[in-house]
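Okay, here's the structure, questions in a sec.
Each chain carries a letter (A, B, C, D, E and F) given by its place in the written order, and its residues are counted from 1.
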Amino acid sequence: MKLVVAVIRPERLAETLQALYHADVRGMTVSRVQGHGGETETVETYRGTTVKMELTDKIRIEIGVSDAFVEATIAAVLAGARTGEVGDGKVFVLPVQRVVRIRTGETDGAAVTPVE
Amino acid sequence: MRCLAASLLLCAAAPAAAQTVPAPTLDPAATAWMLVATALVLLMTPALAFFYGGLVRSKNTLNTMMMSIGAMGSVALAWTLLGYSLAFDSGNGFVGGLGFAGLRGVGLEPEGVIPHLLFMVYQATFVVITAALVSGAVAERMRFAPYLAFVTLWSVLVYAPVAHWVWDPDGWIFQLGALDFAGGTVVHVNAAAAALVAALVVGPRRDWGRRAILPHHVPFVLLGAGLLWVGWFGFNAGSALAANATAALAFTNTFLAPAAALVVWTTLDAVRTGKPTAVGAATGIVVGLVAVTPAAGHVGPLAALAIGAIATFPSYYGIVWRARTRLDDALDVVAAHGLAGITGALLTGVFAERAWGATADGLLAGNPAQVGVQALALAAVAAYSAAVSFGLLKTIALVTDLRPSARDEGRGLDLTEHGEEAYAQGEGAILVLDGPPHPVSAPVPVIA
Amino acid sequence: MRCLAASLLLCAAAPAAAQTVPAPTLDPAATAWMLVATALVLLMTPALAFFYGGLVRSKNTLNTMMMSIGAMGSVALAWTLLGYSLAFDSGNGFVGGLGFAGLRGVGLEPEGVIPHLLFMVYQATFVVITAALVSGAVAERMRFAPYLAFVTLWSVLVYAPVAHWVWDPDGWIFQLGALDFAGGTVVHVNAAAAALVAALVVGPRRDWGRRAILPHHVPFVLLGAGLLWVGWFGFNAGSALAANATAALAFTNTFLAPAAALVVWTTLDAVRTGKPTAVGAATGIVVGLVAVTPAAGHVGPLAALAIGAIATFPSYYGIVWRARTRLDDALDVVAAHGLAGITGALLTGVFAERAWGATADGLLAGNPAQVGVQALALAAVAAYSAAVSFGLLKTIALVTDLRPSARDEGRGLDLTEHGEEAYAQGEGAILVLDGPPHPVSAPVPVIA
Amino acid sequence: MRCLAASLLLCAAAPAAAQTVPAPTLDPAATAWMLVATALVLLMTPALAFFYGGLVRSKNTLNTMMMSIGAMGSVALAWTLLGYSLAFDSGNGFVGGLGFAGLRGVGLEPEGVIPHLLFMVYQATFVVITAALVSGAVAERMRFAPYLAFVTLWSVLVYAPVAHWVWDPDGWIFQLGALDFAGGTVVHVNAAAAALVAALVVGPRRDWGRRAILPHHVPFVLLGAGLLWVGWFGFNAGSALAANATAALAFTNTFLAPAAALVVWTTLDAVRTGKPTAVGAATGIVVGLVAVTPAAGHVGPLAALAIGAIATFPSYYGIVWRARTRLDDALDVVAAHGLAGITGALLTGVFAERAWGATADGLLAGNPAQVGVQALALAAVAAYSAAVSFGLLKTIALVTDLRPSARDEGRGLDLTEHGEEAYAQGEGAILVLDGPPHPVSAPVPVIA
Amino acid sequence: MKLVVAVIRPERLAETLQALYHADVRGMTVSRVQGHGGETETVETYRGTTVKMELTDKIRIEIGVSDAFVEATIAAVLAGARTGEVGDGKVFVLPVQRVVRIRTGETDGAAVTPVE
Amino acid sequence: MKLVVAVIRPERLAETLQALYHADVRGMTVSRVQGHGGETETVETYRGTTVKMELTDKIRIEIGVSDAFVEATIAAVLAGARTGEVGDGKVFVLPVQRVVRIRTGETDGAAVTPVE
């Protein structure tokens, strides 16, 4: 069991979801985040105040997958999220000790077996 | 007092404002003012949409707003084609005739000193906002279609006859001599009685009392209150139906009563919890406006201050008390419009003065009987509205469910009743085109 | 019909409203009403900013709003200094003279029965909202500077002559006898033709049709629609240029047509998808308002109901159909203003009645030729507006890019065109002071 | 110029608008207009609540809005019961008498050509917005109770006498002949002086200059600016106190000056940073409105264009410069209202023309002394307002803290002063009922 | 030390917090997320555009617990968040190498000792 | 490779970013969260309803660092985020099995090498 955490550009979310779908990945959790990295900063002005925005909007996707699926998942994220410009984001793979499906209490493999 | 027949008398009685208006001609200044007053009253309905929409959770924002906006369609049409006739055509003491149905005979000829059609539209804006007021009691758990059917039928079967009773010279309450300048009884108590019944018949929200339900957008509540105040000048001062001294008096009182109510409400808040709330300030403004509505052209400015200040108490403590009961009048229509409407109507019986243009003196001017007349009018209107509302809702419930399923209520009515979100981010939204959204080769879902 | 020369005739024709106005004096009641009407029309432009701003994605909110607000500056000045003269100075059938350029000779003397300057400002509020309407077609992908240049030039080169054609007694369309009470053709069809061309010349948004693009703030759309309705009373009833029976008629019709359109639109929504949407309700209101604009002072109230109801169909199905085409008229200016404007103008030719104050009867009153005249006027205005818009945009494109880069379009025009965010949280914002923001000792970045 | 005694002269002087108004009767058209103008000015206070509320961080939204809304209560009452008398009762050159205190003798009799009570309410809406303006300087760090006490006392002790000086025929500045049509000095410079002192006495926000503080809701700023513009027509054109040519002139100028200021401000923004900002556009509109306020009924339309354009410069660069100083005038009241008010008042002395209805000519019409008179009036009002404001704030500080604790300021004043959130999601909100919220069996907290 | 990450329905947050409270779990971090899984998609319509919403609002709770507390914490989440309908969510248990309490700099066990 | 997850006060974000910057940490992902811990609850009142807010706004920072940088990163967070009052937050260090830079597909060490 692994947790694949991907940070991507918001404008690539649709493509990434689609790529994951094609890779038969169905369960995931998505959140809006902001990232700092190598992208050039934006300057904004509000009346007399000038600010540099050090954070850029990103989307964080968290996907629990069985070990066998890690490669396919990463490949799908890369395929869907890449633009080739600085700021495309990162994928982190974290070890998971246990997964429980709340609805049934099933754990691990069974917890992430699809519903239908 | 907006009775047309009596307007000459009124003007004559108003201090220093005697004008001899030759009855059957248009008064351009009155027309100018009533054009504006009508636009101002129309503004109150979107304002209410924001007042109410800000008080609910974000998942029910659009549904709550649509309950007001929707009334601008169907209720307006029902009034134009039928309700107006039942209210303002001559008939018996209980209901007007059908002479004006379908706008027959309603043209540009003067009605009082303004074009008849303008008078009709002015009154139409009243029934629209009155119907919309009811929605606050059933917010967050009544389906849209039965709601709209209910308030549309209610506007014809309840509002129109009640307006006839109170404002038409034939009406039995009019003939009793009850004072209701701009609709404390016809609009606010009437709507609140329907709201109370609707809240009871529809039943409480499934998570009411079990979970904290917070207003999702308090600035909208303030926007609504601000625009309501502005619109209410059209409501109250427009009820003079001319740009005369009575209009100015009603205007002044519509400025002073909410100002007093705002100060008192904020003080009560500060005393009770240590913190004057913005939702409280908005509510206080509305309560002051409601309370002064029946009195606006009948009392002096100091009386208006008193009415605004006094009316705050029942509404304030009514709201605090209601939250501890099982009555899920979600946005406190009964406390804000019912209690303040009753208080205002009774205080009109206390403070009215012929010297300020009222057609009858009140208690303080030596006519204690007026309070009784006011109470009778209130009781009759509330009882009639409650009874017919009950019958209407039960009838509609035979045809369709009044409520969404538990699941739909949980997800929010914006999505389930209107197929929209108030604040869509667009994440995870897949465009549905003519073909399938994304062609999938036999999905073998492995992980979910 | 706002032609000044004809106002006496009009009033005389209006049922029961004959007033003999001595031509060259100010009418205080008319002045009072027109002061208000002008303020109401001005309100429509911020209202449009919210209507449009709520329909776009949050990253383009301010840009979309600024497209309306910006017109209140440059378009207003262009009109004052030049456009007004081209529209309303006497000239030939195609364009007015330069007699009023720089406001020469435009003072407080009566024009009709109101001060000339007030008439000029009233008309200025029309051109501002007309220019702002165009922005909906190019939302989310046109740069601000060329947009503002375009609509400002358009207001002088297109709007002013077209207003002359239709409203000035010298104008060739006026002399043909086309009816356009408050600007169905001059404002709505004119703007929609420019919008269509602009959408085509600028091209679709880069992600249009590939990704779901959802309105980010539907309550703003409802706020915009509500305020537009209120402002439209100034637009239509103000076009009577006096507080008379014609104004009251126009007002009534401006109440009834959108009410009918709202009911029909909501019903179409409910029938098509099972869910009456809030965006649909707002759109329906606007469509009803557009459709009744040319007719407002020319038809009776039942005709206005019919116009509102009928005009819903082409716009409703136009919007549904357009989304399936490659035409990225982002906020459906063509369907909402163009189709409804055409329908309204043609139906004016059907329903107009001298008995209600029109200067010509329509089809139903036995004058089928009027429909042809209306169609001719529509075709001429649309063609002229489209042709000049095309030329203007192509010319501006020679000087500067009409569109932002793909990257800027992706990040949103608020940031890239205006250097602001609509809803800033302030996280990660570093204050830039005179010195460097935070002094760094030779950053050796190790991790990114 | 709203002096009642002079209104006949004014009308007579206005080109082509001579009307002989029999002094002691009500003018229905004037009444109609002033009813509306009063409602429009009242709208400005909620509008300001949104203008200011959008400029602060979300944690202080409600507090900032309540600073405006609250003034609609306590300041309105203070004015009605006392301030009005001090301002408009006859007295000496420095303050009015107590003859109108408690509204004694203020009824429906004509004051000028409108009911006296209406005149009182019209003026009340001015003092409410003036007091609310001050709040921008102390936003995000002044406690609500001392703020409200301050502006309420200020409205009686500063605003009322200053209004007497400038607008009452007895007033010493009036007698000097200073021109202030609708309150450039009385309203804007007066408020800005109090704002400057308040910002200094209260001190800067604890994170001011150390952290980027961004407007949390720019659409609200645009909404506020749009509604302020609409309301300002009531403010300036209503100051003619009749629906006459002067009102039309003031209206026209109130349209043109902000349009010019908007164009210039946007251009300055584009030149300085390459990006015309929405906050800048909103600010430019307000600055144009402020600058034309003293001039509105005294100068021709081209002069109004010039005033709007010129006044942009000091305010624009004032705002840029202020951000680099240690003066935390949080929402730039001094730059937007003070500098523009001063510029407008001085330019009134430059551009005023008897030919346009002014009671005195200005510099360009051959009367350079008028500029000196204007400067004297400005200096006197600013000095008096600053001095009394200082005394008031220091006195209130003896009774209660002007500022919240550092912790409360950090958490935001919505929570700590009002016990509310502007945008509550309701997550983690536990309903507090009569009993304990959730009965816990001796919590043994192990993890936190 | 473990990090228990639970993704639940927003409407079960109050019950879940209460269940965790009863289980003597005091420290946690909550965020609004959106999830994709086996739930049926919603259809929305905006003018001529029809969209399927593939993401459903969820709440993510992150709870750092000592090893002994993992079971109790999972049990509490299951008790509070379960409705039995598809979409109840998942619990992931991740290993943690170190915990630091920022206020004091204490680490690990001490870092998650309660305040009172 | 480690993932350092810090939960801090929103008002300390600017200082924390600056401290991380000084520590030469450039890449990170930030999100708005709400926390429950030892802080005293706030009471809010809406009309007749009184509520206790059990959650306080916090910021969550997620920083992928190579093992050698863990100490410096934690030290920077502690320096930037500490106020000494209850509610300063926690830092969790999670093991990471793999990091991929989406733009290039580089993994692990290379994935988190800076751009410039």
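Just so it is clear, contacts are C-beta pairs under 8 Å (C-beta built on N, C-alpha and C of every residue); 3 or more make two chains touch, one makes a residue touch a chain.
Keep in mind that what you see is a predicted model, and the values were worked out from it rather than measured.
Trainee: Taking contact as defined at the start, I'd like the list of chains shared as neighbours by subunit A and subunit B.
Mentor: In this structure, the chains that contact subunit B and also subunit A are C, D, E, F.
Trainee: Round to the nearest whole Å and give the separation of the Cα centres of subunit B and subunit C.
Mentor: Taking the mean C-alpha position of each chain, the two centres sit 32 Å apart.
Trainee: So what's the Cα centroid distance for subunit C and subunit E, whole Å?
Mentor: 50
Trainee: What's the distance between the Cα centroids of subunit A and subunit F, rounded to whole Å?
Mentor: Computed value for the inter-centroid distance: 17 Å.
Trainee: Of all the residues in subunit F, which ones touch at least 2 other chains?
Mentor: Where subunit F meets two or more other chains at a single residue, that happens at 14, 17, 26-27, 30-32, 34, 36-38, 44-46, 49-51, 54-55, 64, 85, 94-95, 112, 114-116.
Trainee: Do you know which subunit D residues sit against two or more other chains?
Mentor: In subunit D, 27-29, 32-33, 36, 211-215, 217, 273, 275, 277, 279, 324, 419-421, 424-425, 427-431, 448 touch at least two other chains.
Trainee: Quick check of your reading of the touch definition: is the inter-chain graph here a line, ring, star, complete or other?
Mentor: The chain contacts form a complete graph, every chain touching every other.
Trainee: For the complex, which residues does subunit A have touching subunit D?
Mentor: Against subunit D, subunit A makes touches at 43-51.
Trainee: Show which residues of subunit F lie in contact with subunit C when the two form their complex.
Mentor: Within the complex, subunit F touches subunit C at residues 10, 13-14, 17-18, 21-22, 24-27, 30, 32, 59, 63-66, 69, 112-116.
Trainee: Can you list the residues on subunit D that touch subunit A in the complex?
Mentor: Those in contact with subunit A are residues 212-215, 269, 273, 275, 277, 279-280, 283, 319-324, 332.
Trainee: Tell me, which parts of subunit E touch subunit B in their complex?
Mentor: It comes out as residues 11, 14, 34, 36-38, 42-46, 49-55, 85.
Trainee: Touching residues of subunit A toward subunit E in the complex: what are they?
Mentor: Answer in residue numbers: 3, 17, 26-31, 62, 64, 94-103, 105, 111-112, 114-116.
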